[in-house]
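Have a look at these structures, which come just after this line.
Two complexes follow with chain A in common, the first pairing it with chain B and the second with chain C.
And then the complex of A and B:
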């Protein structure tokens, strides 16, 4: 167990270091003068060369890549996310405020996605190849193919503009969260439906199932105790990847629906070349991703102990 | 009471793979069902199990390999409890120990999943599980082909011993005439979906009537095998 934990922590360390370095390098080498972007975001006007030099010195742009990277990384190792290059405010509290909008949206979307996909997959697999099954697969394929930015606009057009049932922009009330959550949830539901469906169909081909039927075990119990656990293995595996899509979708959806949150926070920071903010978001996303995958890894191992040869 | 199943038949993709067949087996009788691969032995076995179960006969089944009988994600204890519940029995540790002793698997850890046991022990566990409810008929479909010959012989010896003086009849489905000849008193031969010969083992071996039976008997080296 200690060996597994050490292995996982080492993997997490490598991933996080790689993510930090890659993000910093991408921002550093992005076309255009970062000092100019920061100045525009900060003062909203054209500034003199002296001001740009000041910003360069302040942000460490004049020191070279590795020095600047280390200047950012070393306080971070002590838990200090630094200050925004634009506003001078500490990054961490603003980041937490953004999270307080994003996290509930992500969880609700995932929950709605599961609430749609599990019953749909169960209905579809009741009779594989039937029109219900084909319909569910077609629906899921369309759902996977539709990008979030387009689906979001369609939903706004229908429910906010045409019908006027729901607000489209902002995050003032719970009603404001409905359309963004649906936009994300439908994408999640579509891909999960396909995975759960194929997981169930695959699990039903397990060689031992006919013997269980001949043993007189009720079909309900076979489905619950033997098909479901085998079907869950690929689903759990893919849930981690699903989270990556969800994070990606969140950025787009928050921008479309003009919601405050991690996505808007990130996009605004990128425009302003606000290194500390961008780095903070990317690192946070990476940490979430690593933790979730770690949890999935552990669930996976408890579900299928053959993974690490542990029995009983 | 003699177990009788009439009119057993099966089709696959519009092709008849089992022509209407009647099987009768006396209580405690040991019958072998032999034939080449694809002759319809397993199909007859499955049809027989389904028909007998529908008619209320207590029939248990042991498949070819433990992989076909056990869920790798579930513990042995889970399988045992589930089999008891399927028969409507309450958990009976004395009965379990009796069967485990008879099949020499009392040392096995029930908390483990199947792959924590050796294959020979897994197969004996499956046989023990089949015997929980004292069935009228035990159908074994190539029960030892997944085991090495020594383990296979040992398993069949233990089962032989357990079944002695009991009412449970045995239908041994196998392509291995050597195994069948040693373990059963009556042999049925299948060929292209029909039982073509049905005779006491001794007579069958000394004077096979049909071409299919003669072909099986022609390869006499099977008698040298340990099981």
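And then the complex of A and C:
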């Protein structure tokens, strides 16, 4: 187990190095003179050559790729995310403020998504092939096909514009979070319902279950002790994908609902070509994502004894 | 398999003949007739610049579906190559290929695409690049997995011992066994590409106006939500119906393959 964990941690380290390298290569190849756009944003349009040279030296643009990469990476490793190239404000506090809007929304959406999908999948699998099962599958299939930004717009249209029940823009009160959370939760619920349903159906095909039934073990106990744990394994393996799905939804949903979270932070930073902010979001998200996937991997391996180190 | 063929044919017909069915020029601006309601002269109404929405939807199929096809096909090419290199190239090549795959999977694909397209500058070329670069990893994993299971099969071992070139083994022994599973992955990635193109278009990083792409149309329609809410409905329905059709075809194909393998 320790060997496997060490191997997984080494992999996580390699992956994060790769992400850092890819991020820097992307910034290095960004079109236009980044020094010029920084200067324009800071001082207005007319800039002298000396100012440009100063900015270039400050950001390390005038050295080679690997020197500049190291110059770029070392403060990041020390936890210094630098200043916004547009406003000059430190990136980290603003990033944390954005995070404080995004994290609760993501967790609440995930919770609502589970609260919808688990009962729905249980009802659907009570009688496979019945109209309830087919209805749940159809609902989930449509739900997976609806893009989060369109669902968000439809909910705004219905609940904010037509009915006027809920606010659509901003994040001032709890009521402002209802529509964004609902948008994300419905998407999560749709994909989870499909996975949990097929997980349960698959778990019921285990060869020893009829023997247990004939021996007189109550169906409730079989479901609890032999079907549920087996059905949980595919669900846990896709939780990482589900998190990715949720984060992708968050970006567009925050933009639509004008919530000042991580997604809006990222998109606005790209619009403004504020690269220190962009790279901070990218690296933070990558670290979180890799750690969560590492945790999921370890849980999964401890749940399923059939998994050994080689089948990774 | 039949459902996928039908789907591809319907989409191809839509992309080739859809624009011919369009009653108006999709970029013709007609300000006096802006924001017309559906019905009458304009079947689905007009947008904020007086352009016919139906014509834009029909022309948009070429962008939204056509680009998604290109993106998913590029991903298929790259991913299959990486997967086969990992399966055939020995331990070191396998490690490099799989850690590269992990690195690209270490980040939500759509967000990576947004960052890439945003930093490199919006446009159709960068859109395709951004989505293809973030959309090859699943093919690679599937191709590697099947490739490794084939490597110990008798006919592959014999071919290798007989001195058959690795590329020839890949072409004649690996590819035929890979194709069914890769087609299933492809349907899923095609659907994802449609969602990705419309999402990037909606954020302003995708196909640029005045070209009629469905996500870009939604971005335009959003501003006029209060006065002409229906304008926002049509492009969304186009996206949902396309994605749903592809997903259903993919599910059907997967069931057929599972049945073939089980007995």
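Everything below uses one rule, namely that the second predicted complex is superposed on the first by the 265 of 312 C-alpha atoms of A that agree within 3 Å, B and C clash if a C-alpha of one lies under 4 Å from a C-alpha of the other, contacts with A are read in each partner's own complex, and residues count from 1 in each chain.
In this text, contacts are C-beta pairs under 8 Å (C-beta built on N, C-alpha and C of every residue); 3 or more make two chains touch, one makes a residue touch a chain.
Keep in mind that this is a model prediction, so the values were computed, not measured.
When the two complexes are overlaid on chain A, chain B and chain C sit side by side with no clash. With both structures placed on the common chain, the touch criterion links A:76 to neither chain B nor chain C. In the overlay built on the shared chain, the residue A:285 is in contact with chain C alone; chain B does not reach it. Contact with chain C, but none with chain B, is seen for A:156 once the two complexes are overlaid on the shared chain. Of the two partner chains placed by the overlay, only chain C lies in contact with A:30; chain B stays clear of it.
When the two complexes are overlaid on their common chain A, residue A:226 makes contact with chain B while staying clear of chain C.
When the two complexes are superposed, the chain touching more residues of chain A, out of chain B and chain C, is C. By the touch criterion stated above, A:244 is placed in contact with chain C alone, chain B being left untouched. Rounded to the nearest 10, the superposed model shows the Cα centres of chain B and chain C diverging by 90 degrees about the centre of chain A.
Look at A:214: by the touch rule set out above, it reaches chain B but stays clear of chain C. By the document's definition of touching, of the two partners only chain C reaches A:146; chain B does not. With chain A used as the common frame, chain B approaches chain C to a shortest CA-CA distance of 17 Å.
Those residues of chain A whose C-beta lies close enough to touch chain C in the complex are 11, 14-16, 18-19, 22, 26-27, 29-32, 141-142, 144-150, 153-154, 156-157, 161-162, 244-245, 247-248, 251-252, 255-256, 266-267, 270-271, 273, 275, 278, 282, 285-286, 289-290, 293.
Of all the residues in chain A, the ones that touch chain B in their complex are 206-208, 210-212, 214-218, 221, 225-226, 229-230, 303-306, 311-312.
Those residues of chain B that touch chain A in the complex are listed here as 46, 49-50, 53, 60-61, 63, 67-75, 78, 82-83, 85-87, 109, 111-113, 115-116, 129.
By the touch rule above, chain C contacts chain A in their complex via residues 99-100, 102-103, 106-111, 114-116, 118-121, 191, 195, 198-199, 202-205, 215, 218, 222, 225-226, 229, 232, 236, 239-240, 243-244, 247-248.
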